[in-house]
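Pasting the structures in now, so scroll down.
What follows is a pair of complexes built around chain A, which joins chain B in one and chain C in the other.
This part shows the complex of A and B:
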């Protein structure tokens, strides 16, 4: 178990290193470069631009630039933003809380609604509830996030006035009720897709489990229906859901970027959007590495959880 | 005569599918005495498992079964004075595991992979109103009874940590946990290697004697039938073709299907290299099993039977006492097999030709 985790950890570090090379190279090869925007700035001479290049180390060959940057990553110096010269880690750190809050709320919605509908649908396969949820999940899977976001803002904010149209709770208002009120819209929008995914996966996992021989054995023992469902079916059907955590966290993160833009939510999504607009290379690279760490570690967590939860993978 | 433990009459099982119905069991009637061991033999799709599992409601009639096909069970099956067909699921549940025990074929897939073996045995007991503490102690006793060493340690293990034979022993412990009056064993030795098979059969024989329970043993292994059963019932196309005491059915065979089955058994002689350096071919029954999606007409085996008459194809033969046979020896056939075989032997006057009738 510990050895397995260790091996996966080493793999993860190697993977992260590869991501850093690919990410850096792609950005390096992008035409324009970080100083392109100054070319049209009135009053900037060619000398000024070259001086800036020297200052930022952009005149160095690419491998040297990479090593400087990557070396900094390891010791926790992720560079400084071109925009306001604040450290990249600080910039990300100031935004990540809001994004995590949003992701957490969306996951709570997705897991509770998704798992419950998936289980109910499977238990009464082809029943009325199952058919309705099947249609609804198909719709949810096909709706683009930005469009659904606009729809929610239009209906629940503009027409009905139930929720604020965007932003987190205003500065100075730190009651949890207000925070929750602001969270409803974006969490719902962000959670919709995941809810559908969880529901579909859970439904098929429960159906697959129900068809297993050991469920017949349990019925043959005269096990009560409720115990059959919670003890035998769910224990087995929830195992593959652990894998889904590893898959869903990254996609939720990606979805958060879009949702945040629609709801002007002060999280990572807007930071990413703004950084690209400003060609703030250190922040862009920092976010790339950050999201890579998130993806890799969520898979690592899922794998580890699997090893703990499934007795067949446990080592004695 | 005392009342039988199980009295089945005109039992039918139909599966409704997207593309019509499957006529799995088409009118099966028999009775089983207390303590009697009945072997049900037949090939896949003969309805041998379906008719036995349909009675206690294990064929997907209850919810949480995941079976896509709807099941219709008709006829009657009276177990210890109670009608099983149409009995509410809650009542069936109370019978299953307590009065009727089960042992299934593949102990790997039949045991829950995420629960310990001890837990799974104890559950068979707690499900029938016994406290968890008592059930746990009883589970350890049961592991000991079925011959698993170090029960206390093994009870904490998961099924994958057991060998195939050990898993089947655990499965048997579950089956007999509440000392049932009837144990239904659905091919319990099929997934095991031969030496383990013999051990499991011996164990089941011991348990049968100790607990005095009746058994329905579903198998396609004639060797197993000979070693454990009192009565054998040969099924084909959802019907009973022949039924009777094992000795009578094996040595005074009256159904062409039984005869084909017995002839298709490989024997040790066949595997020894013969003088000519050539081995005799395995004698198989020609043709394919019947299409169960068609409404059954006539003797289901008739299309594959060389001795079939026109009547066999159009009219279903009733299951009747063999006129000059042992008491309780029943056959469903329009032809008289011994007479047909004698006629064939006489015509060809060569034993070789007779053997080839079966190929």
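This part shows the complex of A and C:
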């Protein structure tokens, strides 16, 4: 168990190192470079741009720049924003709370609705409920998040006035009711896609378990339906779902970006959007690395949890 | 033991083809998806020739016309341009970008997957670790970063989408190829002294074609979605060229006064993506009879 975790940990660190190289070269290789904006700024001469280049260390060869940046990454100095010179980690830290809140709420929706519909659909495969949810999940998987967000705002905010049209609760308004009120719209929109994914996975996991021999044995022994479902089927079918949290994270994070722009939610998505329009390279790179760290560590945690939860893997 | 997961390799080709197609059509969702996609492609390909209106002609006196007024079936937009003509013209770009980006993804992903699966060693491991690394970034992040830092347009958008969607293909092909390389026909091909590239193209490629087709269809769906995101956010297809994504960008402002401007393009995206998704799912089940029906 510990050895398994150790091996996965080393793999994760290596992966992180690869990610840092990929991320850095991606930005380094794109044409234009971070100073393209300044070259067009009227007040700045060519000399100013060159001075700035030296000042920021951008005249150094790529490997040197990478080592400097990666060295800083390890000790927690992720560089400074070109926009207002504040440390990248601080900039990200100031926004991440709102995004986590949104992602957590969306995952809660996705897990409860997705798991329930998946189980119900599988128990009566090809029944009426199953048919309807199969079609609905297909639509949910295909609907563009931002468009669904626009529809939700139009119907529930502008027409019905049930939810605010966007933004988190205003500063100074600390009541959790207001926070929740603002959270409902974006959480439902972000949660829709994950709900469909969870429902599909759960359905096929239950179907797969139902086809096992030991289920047939249990049925033959006359185990009650409810006990069969909760005790025999779900115990096994729910286990692999742990890893789904890790697998779903990249798309959830990406979806958060889109949802946040539609609902003007003050999180990482808006920060990312602002940063790419300002060509704020250190922040963009920082956010890419941050999201990758999040994905890698959640996969590591999900894997480890799976190992702990499944006794069949524990012995190995 | 893995014979069943590669039906193209095991069953007689002629019979396999008809049964795969029949199995595909027997699934109602897949058949509906195929019908939707065919309809959509035909409408976008032929529609603009049959319409009286041009997608770019501006008519400031006929702005925001309601659907079914003045010969405009779907009404007009904020510049008085015929919405139906624009939707069909936008569909050409959206569908074409989806299919071309998929081709890039399948080519790059298939190439990397086959090479990495065939040459284990440092090359294979290095390639697959690179794939793992790329998959750690949320694809929207990757896509928007590249789109924002390069000059936007139809060609760059297509290439960038293609280059951010190939990793899943590589992983899929890689695992299939690794499994195939254990089998006897590859050993036989090696014993015959076939060149490496002939084994890869002549022996391995046909055997991964089935899963590759499934992945390709699903990637078209994803590419259409991604294109709409990027264009909606202003970094993809630039006006006056219309795509379903960038039509929504403008329409958002007029949601209250002219909701059909925002509803229709989004509906087209959903239909196209759902159609390709349904085809992909249907193909997967039809090509893999052992797999659970779903």
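The definition used in the following text is that the second predicted complex is superposed on the first by the 315 of 316 C-alpha atoms of A that agree within 3 Å, B and C clash if a C-alpha of one lies under 4 Å from a C-alpha of the other, contacts with A are read in each partner's own complex, and residues count from 1 in each chain.
By definition in this document, contacts are C-beta pairs under 8 Å (C-beta built on N, C-alpha and C of every residue); 3 or more make two chains touch, one makes a residue touch a chain.
Since we're looking at a predicted model, the values are computed, not measured.
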Combined model on chain A where chain B meets chain C, clash or fit: fit
First (chain B), second (chain C), both or neither touched by A:207: both
Which of chain B and chain C A:300 touches, first, second, both or neither: neither
Touching partner for A:134 - first (chain B), second (chain C), both, neither: second
Touched partner set for A:96, first chain B, second chain C, both or neither: neither
Chain B or chain C, by number of chain A residues touched: C
First, second, both or neither for A:120, with chain B first and chain C second: neither
Touching partner for A:184 - first (chain B), second (chain C), both, neither: neither
A:19 touches, of chain B and chain C: first, second, both or neither? second
Per-pair minimum CA distance [chain C against chain B, superposed on A] in Å: 10
Footprint overlap on chain A, comparing chain B with chain C: 207, 211
Of chain A, residues touching chain B in the complex: 122-125, 207, 209-225, 227-229, 231-233, 235-236, 239, 310-312
List of chain C residues in touch with chain A within their complex: 29, 129-130, 132-142, 144-146, 148-150, 221, 225, 228-229, 232-233, 235, 245, 248, 252, 255-256, 259, 262-263, 265-266, 269-270, 273-274, 277-278, 281, 292, 294
Touching residues on chain B, where the partner in the complex is chain A: 56, 58, 62-68, 93-98, 101-102, 104, 106, 109-115, 120, 123-124, 127-128, 158, 160, 171, 174, 177
Contacting residues of chain A [partner chain C, same complex]: 14-15, 18-19, 21-23, 26-27, 30-32, 134-135, 138-139, 141-148, 150-151, 153-154, 158, 200, 203-204, 207-208, 211, 250-251, 253-255, 257-258, 261, 272-273, 276-277, 279, 284, 287-288, 291-292, 295-296
